[in-house]
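Order as written gives the chain letters A, B, C, D, E and F; numbering starts at 1 within each chain.
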Amino acid sequence: MGIHTFFTSLNDLERIIRAPGRFKFEEHNVAAHSWKVSQYAMLFATIEERAGQTINWKSLYEKTINHDFAEVFIGDIKTPVKHSSPELKEMIAKVEEGMMEKFILTEIPEEFQEVFFDRMKEGKDDTVEGRLLELADKLDQFYESFAELKRGNSDPEFAKMYRIALTKLLNIPLKASVDYFKNVMLHDVMSEETAIDVQEITRQVLGDK
Amino acid sequence: MGIHTFFTSLNDLERIIRAPGRFKFEEHNVAAHSWKVSQYAMLFATIEERAGQTINWKSLYEKTINHDFAEVFIGDIKTPVKHSSPELKEMIAKVEEGMMEKFILTEIPEEFQEVFFDRMKEGKDDTVEGRLLELADKLDQFYESFAELKRGNSDPEFAKMYRIALTKLLNIPLKASVDYFKNVMLHDVMSEETAIDVQEITRQVLGDK
Amino acid sequence: MGIHTFFTSLNDLERIIRAPGRFKFEEHNVAAHSWKVSQYAMLFATIEERAGQTINWKSLYEKTINHDFAEVFIGDIKTPVKHSSPELKEMIAKVEEGMMEKFILTEIPEEFQEVFFDRMKEGKDDTVEGRLLELADKLDQFYESFAELKRGNSDPEFAKMYRIALTKLLNIPLKASVDYFKNVMLHDVMSEETAIDVQEITRQVLGDK
Amino acid sequence: MGIHTFFTSLNDLERIIRAPGRFKFEEHNVAAHSWKVSQYAMLFATIEERAGQTINWKSLYEKTINHDFAEVFIGDIKTPVKHSSPELKEMIAKVEEGMMEKFILTEIPEEFQEVFFDRMKEGKDDTVEGRLLELADKLDQFYESFAELKRGNSDPEFAKMYRIALTKLLNIPLKASVDYFKNVMLHDVMSEETAIDVQEITRQVLGDK
Amino acid sequence: MGIHTFFTSLNDLERIIRAPGRFKFEEHNVAAHSWKVSQYAMLFATIEERAGQTINWKSLYEKTINHDFAEVFIGDIKTPVKHSSPELKEMIAKVEEGMMEKFILTEIPEEFQEVFFDRMKEGKDDTVEGRLLELADKLDQFYESFAELKRGNSDPEFAKMYRIALTKLLNIPLKASVDYFKNVMLHDVMSEETAIDVQEITRQVLGDK
Amino acid sequence: MGIHTFFTSLNDLERIIRAPGRFKFEEHNVAAHSWKVSQYAMLFATIEERAGQTINWKSLYEKTINHDFAEVFIGDIKTPVKHSSPELKEMIAKVEEGMMEKFILTEIPEEFQEVFFDRMKEGKDDTVEGRLLELADKLDQFYESFAELKRGNSDPEFAKMYRIALTKLLNIPLKASVDYFKNVMLHDVMSEETAIDVQEITRQVLGDK
């Protein structure tokens, strides 16, 4: 009970593997994922700031660092489930919220409960920081699926995951960031040799718009 | 689509790790777990048959082989969740059921849908075969947690898991099997050298009864 | 000594890796393999029953669940050895049999020795259940090698394993099952994208007949 | 070349294992470590702020997120080396700095070079944020070695690592944080059952002060 | 076919795990084992040479480097099998010999066949080099089982393996080496903290002599 | 302290992974690498001897067995570092040398210090044995990168590693060995099916000469 319990639970997230059950050439844990999301957000927030947006950096980093903490309670629910059922997605969100509340009330000392409630709440809101989190989270899904396709993973789930992540990325209302991703970074991504034809999927998604 | 898709999904269960997120000296996947449960059930059904019960062997083995197939959809939900919230447990059961129904209607050829609905339904009912499944499933939890405690895993979750599994085991209404477990097997289990004092926990559980 | 020792030895089979020594994108253990074989057998026995055969379901499942238990004694002897030398194959079979006998007489309580001798004997006999075991066992070899070829494993051993498994599958005297596999399932298998040209090998095997 | 290359290199840090070459019951990668350090820093910065310090949160999080990025170039140099030779430690620091400079000038687009130079420079300076980084980094070493000792890792390197981390932690000039760690958290840590006597080492370190 | 095939087969030995099927805190492959055996032999041959023996160094190193190459054909047969049945041990030796002969005649170019027959033959003969190989091979078994016992592996197989290895070590007819091991090294080994009481087993073995 | 410490440190090299930080389909440790290098050297020394060279076999095997022992101190520094900076390479060599000296003076009993200094010194000198070590070491880099390219690893680092290793191999002043490698073995290597076009890279390197 107490902060020691909380700190110990962080270690649990190193053992929660993303996209459980699928064959993957490389596995990723939720702790490392959260770090990469923070790194992506750092760069795109810089781009947005230069484009004139005001960034609440404290909020941004706390959103990215904490956004998947709730997976410590129920793990990374399999992707196809999330894709195929909005009711289930919502139900899972509710369960996570309930577990989180119980965890904070039980484990976190009273003096810190308020900050925990604030920091651990769903971060993907309509603020610029919420959108940057959404962008960075989708970008990691983009990179994870791209890496599998590049190495020849022919499980159709990864092509689907790539297609969905890319589509969502391109539609996030952060003009400067999406432009940079689409016009600069995507070019570099597409110039890589890949075992499965990622260029074709990418062109399809770009054409659909 | 079709039986090939079903057979391929069996492979997915080799990648679903039980008790995700906890530190374990040895990991177990759901496919191997299902096999061990079938083996335990084979022995205890023999004991029950000798004690005069009639066993529907076909039903017994189909229950044990299929009992965790639904984890292919949402994975092995973390144990503490299952322990701490009956509503969540029920909610998860409902989700799994819905996913299973959808899977059968989408992937399984019409001619086999009926047998699949029959075989994949919740197996832990009040028949002797349903009870044998419950016994065998709990016994694997007993063995998994025992092995962790024996090797010195001091995560309190495993002591809790051991205690709960043992308590449930001793209360399953299969007199001959529970007697054999309690009077013969438990003696052998307790004679093993263990890093954590499992004998003490066992005595507490036995005394509580 | 006793049933506890037997149950513990089941855990050992989770650590026996199939096809040891070869590079594989994904490893499979003997416990999970035995479970998948039971699943395949369940489906093909249903097909045979509908085609008019009488199935002894108890015998079928006990054959599939137990068929590789003897590997607990000497492990999964490397495949090329089994392929290249019939004398060695026989010698190994004899050693396994001896080890099994010794194990039953030493570890299994007298009251269960007879059932163990019966259940652990070589299952691939000329009964319909023995043939279903042979079919299901070869099907898992077919799927394991197919998955490696699909992901681009160019070790010639896997192409050879695929070719041998497919050839044997097509010649098992279970008309309804082999027809279903050949006319329905194989079509789905062949429609998958694969890194190595599995279709070509398949056509060669089909043409040879 | 470009941000895509930088983002790809983040993935490399998921493959850099901390304390390479030592036997460990659990491995940790540099990406996940950086995330845990950010989490620890978030809490202790809250404590410091409540104690009256002004926190530059943007700087704090950028320090924690980036502090080990340079390991992408030369890996996690083995701990005993770092412990035993200050010259070597400095030499390694110089090499990392040179590699970092080269990386930024070669891979990062000109428009971002300045922010990268700023964010990637050594973070452990005398500011409150630099000290919080030092505290959080040492705390992770404390937790990693504690977890190994708890599970019975008798490699003397981990007892040494624990002793050094604890000693350094207690001497960081952040009064409120160190008090909280020493008076509240350490009590919880010490109440855990451990295979190796961590309490004794802890008492020794506390007594030395 | 040819030396390339031989060189490729060396890689296979990196995938053959020693003592397959047992739970181990750390796994060892046959390639790394062969290297450690060569290192041990280098030291004890130095001791023997100083004690007046003439060492054929070329033969010594070729014996140690090659002594387990035959495991590429049938893997590391499980230890209990080797311990419990001399007939089986001999049968396995014969099979390996046959496989080796076939391999050399099929894969190795004619010009090298003679050297291969010479280098790959059973190395544990009555020469001083053969005895040094035996000593070094047993020493690795001693160290592997010691490390498991030290970390708390309570599988009785490892205590048995330790006892057998130590007993055999002490009886190898290489006086200077055995004296050094017994009087100098064993003292250091015994001064390590261990989870399982290795000192007691060691004293029993020493007392038996 | 003493030979026991030295023997224990050999085990550490089983945990030092080559080319850390890169994605690899198969990992190799330094212990297994040292063994393969000894095997390659054994064959090429035979070729050189037949071509009229005098081989000091004791020196040859001691060079190959010991050549990477120093990695026990600082690990396998990432390949790109070694490729990109000669000063760094030298600096690292100096550090390793210093660590080795300290290790021998601290850990090795005085009576063995001289042999250790002799055996552990840099082995790649201008003797025929030094050149055979260089050849064998590069050959393992050639095989490791070849295996990755064959399985479709599109990380450009491996194509670069293959190109550099092949170029260096062809220029080692050991005429008979290089001729055998180039005229006999390379033909077999090139006839393998590979996911990435290794033949093209090979032809480029051969044409450059």
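Everything below uses one rule, namely that contacts are C-beta pairs under 8 Å (C-beta built on N, C-alpha and C of every residue); 3 or more make two chains touch, one makes a residue touch a chain.
Labels paired with UniProt names: A, B, C, D, E, F = Putative hydrolase of HD superfamily.
Remember, it's a predicted structure, so these values are computed and weren't measured experimentally.
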Touching chain E and also chain F, the following chains: C, D
Reference chain B; chain at largest CA-centroid distance: F
Same or different residue numbers at the chain B/chain D copy interface, by half rule: different
Chain whose Cα centroid lies at the greatest distance from that of chain D: C
Between B-C and D-E, the pair with more C-beta contacts: B-C
Centre distance in Å when chain A and chain E are each reduced to the mean of their C-alpha atoms: 50
For chain A paired with chain C, centre-to-centre distance based on mean C-alpha positions, whole Å: 41
Numbers and ranges of chain D residues touching at least 2 other chains: 11, 13, 23, 25, 147, 152, 195
Chains that touch, pairwise: A-B, A-C, A-D, A-F, B-C, B-D, B-E, C-E, C-F, D-E, D-F, E-F
Touching residues on chain B, where the partner in the complex is chain E: 25-26, 147, 150-152, 192-195
Residues of chain B defined as touching chain D within the complex: 23, 25, 152-154, 195-196
Chain B-touching residues of chain C, taken from the complex the two chains share: 1-8, 10-11, 13-14, 28-29, 31-32, 34-36, 38-40, 42-43, 46, 57-58, 61-62, 65, 109, 112, 115, 119, 139, 143, 147, 180, 184-185, 188-189
Touching residues on chain E, where the partner in the complex is chain C: 11-13, 15-17, 20-23, 72-78, 80-81, 84-85, 88, 91, 95, 98-99, 102
